[in-house]
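There are two complexes below, and they share chain A, which is joined by chain B in the first and by chain C in the second.
Coming up: the complex of A and B.
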């Protein structure tokens, strides 16, 4: 069966006066129907730009310069603006990072929930408002019938994110892109929001692309995980496989730098040394080479392509790809010290 | 809301009283005054001057004058003009229609700044925006009286399109005579609106909620109307109120230059001839207008922005 969304060789670049920033560089991945894909990476790794590229909402001076984004077989990049608008909110909806600023402060919540219903489903104002009440109930907002008349500033951060989720679900989209939906919330609220997302996903069967910089967030929720670094996907595997058998040195570094409650204390957490490369001036070879403790000599000059490696978890049936020349595993002794990055 | 309005109206009354008291004091301690004007007239004897002073109540101590004056201005009675046997308030009231005409017209022209500002913001960095930006910067650097004089010289003397001096009857000349002073009087307001709206719109365009609206798949018209302008025009409501009195104060210069028979020109004449009752009467109207403008701005802000709370 064809995947719901297939991104092929996506390239999104930002022109600046210092040069071209290759925010997303030759990224390919897919999302199946009803699946949850986690996208992990640090700030500037291209996660959000990938999401905005899918919805074609990359702001100037950014531009998608190459690739295909096939949604149910149609290339979104080739759609007329009018047809693209019918995809946004209806087929693919988005939840943003900061619920405090993502809602219009001067329109009632009910009105903002109604908008996509009126635009995409042709509901009348009254019908849309009634549906909005149901949506608010669905995301667990008490007194929904009254709350539709409230303004965003009457809601707390967590409640506003619930409103955002309700809004994204309004037209029953086939894919929801959640761009760091819990980053701006405190930890207990984070857990609530993730639980809610998971519950609603199970009920509605939509696919979710969950973007985050926190591995912990995707661990419980994602079916598969893409690890991004400097505009590239460096590793992709099922969640179980990735946590059990990370193969890219960057992923290993990420895992070593988060505390684990399910294992005995290993002593100090190990940070990844150095900092990400300048996107204006990417190295010729592997973008991670200067921070890598396992880098082979050819990594300096040859950019590693994604290649399949044998999976260990899931009985070895799942796919596991990495973009690395080395054949190292978690726990292998470093080949050399990571280079110092200026 | 009702309590807020009542409280603000009471505050406003207090403010008018304070401003008028201060103005009265300033006008009376300023050098000159009616004595000088009267003394300059060689035909008047000492006794005549004393009689005149008495008839205006100027021989009483200042605090007594103040109490009497305060009691009278409540009923809009400013006493007789020093230069005209008629009541000061009457002289001023006669002039209001002319000034109101000019003011309203220039206010309307000034509001063109709203669409111009929106246009500039939406075409940021492009030719249209740059033209607007250069004109507003240059325009705000040049004093209105200077621009006015240049326009008169060019229009009346160089290309002889428009008559110089006061207008004659008929709708055509009335329009011509109104449009140019009004346009010039509006430059300040026009530039303020343009720059303000441009900056606000740019600010709102970069807000997350505009991105949310786009991600919902709303048509551009909806996004602009309900998510961009609905937010960027909120501060304009404030500006609308605050700029109201500027039209009267600006009219002092413009009316003088264009010999427009309004309150502004009367103010200038009264100031030069030290006609205190007329001067104070016009300042009173200006004060009230300022206070009303601010009050309307405060109330209007609350009506358009649900985040504003009255308590």
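Coming up: the complex of A and C.
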């Protein structure tokens, strides 16, 4: 079965007066129908730019300079603008991080929910408003019939994010890209929203690309996970496999550095040394090399390609890929000290 | 804070209004609604019934107060010398306001603050300046809290200038020491904030907080603006500095995993009140307030298998407005265990044993698991 979305060798760059920032550099991945793909990475790792590239929302000075984005076989990068507009919101919808700023403050929620219904599905205003009420009910907003006439500022942060989710579901898209959907929310509200997303996904069969920096969030939600670092995918595996058997030193470092509530308190955290590289001045070899405790000499000069390693969590049925020269596992003693100190 | 100190502190100052007596039926009860500071010499900071209400005004010319945001509404706790007290809660619960009010960045509207045994509530001018030398703050946003037009040297030296410490040369040397202490190169003094990454800026912020050699630091979400891989660096640094310089921290944060890691004791706030306070391990293993339980269960765990087995307590609805908080127990509108009594009577903030305080009518049963929430 062909995947729903296939991204091949995507390159997105931003021109600045100091040089070219390779925000996304040769990234390939796919999303199957109904699947949840988690994309994890720190700020500047290229996860949001990847999402924006898929929807062709990258703005000047940024530009998609190479690659293919095949959505049900069609290359989105080759579509005319008017055809692309039919994809956005209808086939692929997006949930943004900040529910405070991504809704229009001067339009009622009902009006904003109706917009995609009228444009994409050709509903009349009355029909669209009725459908909006149903959508609000679906995402668990009480008194939906009255709340459609409210403005965004009448809603709390969690409620606004529900409205955003309702809006993304309006046209029954095949793929929802959720960019840090719970980062701006409190932890109890985050739990509500994640539960809602899971429930709706089970009901509608939509595929979700869940972008986040929180490892805990993807652990509970994602089927598969891409780990991004400095514009590259450095590791990809099923969620079970990635957390049980991380193979890229960056993923291992991330897992080691966060305190976990379900484990005994550790004496001292083990941070990843140094800080993420300057995207204007990436090392020639592996972008993680200066922070890596396992780096081999060739990592300095040769950029590691993604290669398959045996998956262990499910008896090797799933695929596990890493972009690393070394063969290390969680708990292996460091080969050397990371070069960089903070 | 053991029962002894609390009971010991019950001796009132002459002339102070006595509060209605507490429930005498409960043996281990010790309530901190007394306004006297803790008598324990190990206590550095005592907060008693602290209130911070922000007025809401209406009218353009003739302004009148029509209400108040009760950001902090009567909280009491002690911070012992050399410990880290974690203060957690969701946005709007008053945790940051508590930190800011202790430092008098906004004046408390009620209650008492004692620092090193002295009443510092509402002090001004020179007196306040003297106290502030001993208590400083690390801010959340390392981008907004450093003046972009000053060099790192001037930023870090500023507290020493304000407090008239040392000569220019001594200050210069002290800044170099401080930069090294927080893990930066001593040559970074000539640079400007924009030349640094977020983690490095937070180190500069920490160096500044240490410049006047304070004993008490309020750290307001010091790592939440940082990337995951950098958070651990800053947490470790704060721990190192604490043991080297014998610092006391009030660590304000919303991330329960980080708070558990760094704190000796933890206080949980909800809608302007502390609902639970206990030793770190106690509060995380046997939480005695339904809100703490829900909060802990909502934290996602970075392990898919553990996540699948967990039963989440999903709280219904949103946090009510602090302008008009629910009567009686403030949590009753969202509490899955709420009974009639919770709607009628405010629970006391009481010790259920060994310095474990909870403001719940059913604290014992929640802690023992007799009352299940899932």
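Keep in mind that, in the parts below, the second predicted complex is superposed on the first by the 334 of 342 C-alpha atoms of A that agree within 3 Å, B and C clash if a C-alpha of one lies under 4 Å from a C-alpha of the other, contacts with A are read in each partner's own complex, and residues count from 1 in each chain.
The working rule: a contact is a pair of C-beta atoms (placed from the backbone, for glycine too) under 8 Å apart; a residue touches a chain by one contact, two chains touch by 3 or more.
Not measured: the values here are computed from a predicted model.
Visitor: Record, for the superposition on chain A, whether partners chain B and chain C clash or fit.
Guide: Because the two structures are overlaid on the shared chain, the partners are seen to fit without clashing.
Visitor: Given the touch rule stated above, what does A:172 touch, chain B (first), chain C (second), both, or neither?
Guide: Touch status of A:172: no partner.
Visitor: Determine, under the contact definition given at the top, whether A:219 touches first (chain B), second (chain C), both, or neither.
Guide: After superposing on A, A:219 lies in contact with chain C but is clear of chain B.
Visitor: A:199 in the overlay: touching chain B, chain C, both, or neither? Say first, second, both or neither.
Guide: neither
Visitor: Does chain B (first) or chain C (second) touch A:120, or do both, or does neither?
Guide: Only chain B is touched by A:120; chain C is not.
Visitor: Between chain B (first) and chain C (second), which does A:15 come into contact with in this model arrangement: first, second, both, or neither?
Guide: The answer is neither, since A:15 touches no partner chain.
Visitor: Let me test your reading of the model: by the given contact rule, A:254 touches which partner, first (chain B), second (chain C), both or neither?
Guide: After superposing on A, A:254 lies in contact with chain C but is clear of chain B.
Visitor: Across all Cα pairs of chain B and chain C, what is the smallest distance in the superposition, given in whole Å?
Guide: In the combined three-chain model, chain B comes within 7 Å of chain C at the C-alpha level.
Visitor: Residue overlap on chain A between the chain B contact set and the chain C contact set?
Guide: none
Visitor: Which residues, counting only chain C, touch chain A once they are in their complex?
Guide: For chain C paired with chain A, touching residues are 90-91, 183-184, 197, 199-200, 203, 227-233, 235-236, 239, 254, 256-258, 260-261, 280-281, 284, 294-308, 312, 314-315, 318-319.
Visitor: For chain B, which residues count as touching chain A in their complex?
Guide: Its residues touching chain A are 207-209, 211-219, 222, 226-227, 230-231, 234, 304-307.
Visitor: For chain A, which residues count as touching chain C in their complex?
Guide: 42-43, 156, 158-159, 186-192, 194-195, 213-217, 219-220, 239-240, 243-244, 253-255, 257-262, 265-266, 268-273, 275-276, 341-342
Visitor: Under the definition above, what is the set of chain A residues touching chain B in their complex?
Guide: 55, 57, 85-90, 93-94, 96, 98, 101-107, 115-116, 119-120, 151, 153, 164, 167
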